[in-house]
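One chain, subunit A, appears in both complexes that follow, with subunit B as partner in the first and subunit C in the second.
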Partner chain A sequence: MRNLISLLFVGGLVFLLLVLTLQAPFAEGPMLVGKGILQQGTEETGTANLVTSVVLGYRGYDTLGELSILFTAALALGVVLGRRRPEAPRDLEAGLVLRASSDLLFPLLLVVGLYIILHGHLTPGGGFQGGVILAAAFFLPVLARPSQRISHAGLMALEALAGAAFIIIGLLAMRHGGQFLQPLLDKGQLGSLLSGGTLPLLYIAVGVKVGAELAGLLVRLGDAEADS
Partner chain B sequence: MNQLPVEYLFFVGAIGLVGIGVAGMLLCRNLFRVLLALVIAEAGANLLLVLTGYRWDAVAPIVLPGMPAGTTMVDPVPQALVLTAIVIGVGIQAFAVAVLIKIYHGYGSLDRRRLAAMLDRDMNELAGVGPGRSPEAPAGKRPFPPPEQQEGRS
Partner chain C sequence: MMTMVVAVLVVLMLATALLVLVTPNMIAAVAASSAVSLVVSVLFVMLRAPDVAMTEAAVGAGLSAMVLALGLRRLGLWKLDNREKDDA
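Right, the complex of A and B next:
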């Protein structure tokens, strides 16, 4: 009976959403903000990737809030999981294949992650995507060798530094007479690596922060005592 | 037969994902599956959001060197919003997994009904009431319990 009601509810929800979305004109909606950004975005921010200009330029404040949400989630996770007892049993070391391939993948993932962060204003990608890849690079060796430790203090310091850098760049913009997080510096030539003013710097800060945050989060989850 | 426009397929796909996710959240008894269903529903919602910025014959909103002026691009705003939504989703999932780990340590099960029964039992024990009564029920006789009865409550 309960299942039946649940299915009815889901059917009604899907029907409602379908009716609502199919009434809207597909692929030719008003797009009021987007049109303006597409026309002026490259001149105003100097980034080739317009999604980056939205994320860091037009909605930089929103990105700061996003970072703080991620930080809060990591904090809450640490509070919920608590400290691991030193004598708690650990998982066994992985086999040779896993250990060797994690060693092989580590530099590759590091390069790919840094490339994606640094080219966030030119190509698809950016701080969040690259940061996740960096986190994976640092988490893989821990998966292969559970006894190996990653220093939590180091990760936290890195993360705090990156978060502070993001806010300091935003405050510097205010000191130069602009709004908080307004893009600064020379916009450079469109499409070159050194372009977009402070936006690449902001994305580097985001990338380091997300990478350190997610790596710490994954290590904590993997570190949770298997049984107690 | 009336041919269905292809955009219906996009919407049916995205909304179908939301439906599958919500159905999974309601029907699954294992809490970890509930979390996975939440992830599926989130993916559907993100897809729906990206679809609102879609344009026919448009390219990704990235200006490339050899691109002719006036090329139509898709709306970048929903894409930035979805980027935000994905990151927040990751935070929520990580936190939910941490809570699930704690629940499993405490009760040795992730089954929703068994957990509810065990939680009820524990709460009744803490409140000092028998199994047949709710811990929220007022002690003594209503409307106003006499003072000696209030003291007699364990």
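Right, the complex of A and C next:
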């Protein structure tokens, strides 16, 4: 029975992939999208970093999909790991090297992560990269002192807020007569911190969401009862 | 000059990738796999893709190694050698 269900599942997946690949027009005609974006991307979105204008401007919808994929992965991990028994033994406090370096690195990682998020539209990097660094910054103290807790509810609230902010900014663009996630606001002067319209705001939302999500994921993994 | 540096980096990357397979210590394997990502991120910088390099360094070298190490801990393979496990 189980094999039959697996076979059905695999067959369905193959069928879907076949339908998609047979319909997709591969290598038909010259691809002009890339050239067009390279030529007018900076002008249209006002971001000095062209990658950001693609990730959030031209392909903002894909970024939303990426965020939801990450969310699903974190959700599945939470389900698989389950809840911790209250009487399960905690890890001992880490050694001097880890404790001292976590105290030293925490503010540095925080500054680097926030810098990368806030300057995502000017320099390489952005919400995803900075979010990962923020998650590492908040996980390091937990690694050094396992008795110290990060509030799961707080992280989840932060994540939900950031995710909602991303979608609300997208919907606001529709309200102003544009497409979903179309950049709004003044483009500003190219290369200044306040430029690129809503793209920096979107990247802040992405950064906070990714950071809270991955910090929660790591804390949950670290919290899981170790088999020993 | 550039080709030489890239060649050295690629050899280094392949060597660390091989180390992941042959090393008996699992934590060492995790560390080696994150070293592979570090070399790849340097390669990305040389290919003028700093955004991708940053992602590779943060996710590939940092986060995935942490997730793998925590997974080993969860499974109780934290201090085990591969060899010991095969004997048992």
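Quick notes
In the analysis below, the second predicted complex is superposed on the first by the 196 of 228 C-alpha atoms of A that agree within 3 Å, B and C clash if a C-alpha of one lies under 4 Å from a C-alpha of the other, contacts with A are read in each partner's own complex, and residues count from 1 in each chain.
We take it that a contact is a pair of C-beta atoms (placed from the backbone, for glycine too) under 8 Å apart; a residue touches a chain by one contact, two chains touch by 3 or more.
Treat the numbers as computed from the prediction; the structure is a model and nothing was measured.
In the superposition on chain A, A:Gly34 makes contact with subunit B only, not with subunit C.
Touch criterion met: A:Ser6 reaches subunit B, while subunit C stays clear of it.
Once the two complexes are overlaid on the shared chain, A:Leu190 sits against subunit B while remaining clear of subunit C. In the superposed pair of complexes, A:Thr42 makes contact with subunit B only, with no contact to subunit C.
In the superposed model, A:Ala74 makes contact with subunit B only, not with subunit C.
When the two structures are aligned on the shared chain, A:Pro124 is found in touch with subunit B and with subunit C. More residues of subunit A lie in contact with B than with the other chain of the pair subunit B and subunit C.
Contacts of subunit A with subunit B, set against its contacts with subunit C after fitting on chain A, overlap at residues 49, 51, 81, 124, 126, 128, 214, 217, 221, 224-225, 227-228. Those residues of subunit C lying in contact with subunit A across their complex are 50-51, 53-55, 58-59, 62-63, 66-67, 70-71, 73-76, 78.
Contact residues of subunit A toward subunit B in the complex are 3, 6-7, 9-11, 13-14, 17-18, 21-22, 24, 26-29, 31, 33-34, 37-38, 41-42, 48-51, 53-55, 59, 62-63, 66, 69-70, 72-74, 76-77, 80-81, 122-124, 126, 128, 190-191, 210, 214, 217, 220-221, 224-225, 227-228. Across the interface of their complex, subunit C is touched by residues 49, 51, 81, 116, 124-126, 128-129, 132-133, 135-136, 139, 214, 217-218, 221-222, 224-228 of subunit A.
Interface residues of subunit B, counted against subunit A in their complex, comprise 5, 7-8, 10-12, 15-16, 18-19, 22-23, 26-27, 48, 52-56, 60-65, 73, 75-80, 83-84, 86-88, 90-92, 94-95, 97-99, 101-102, 105.
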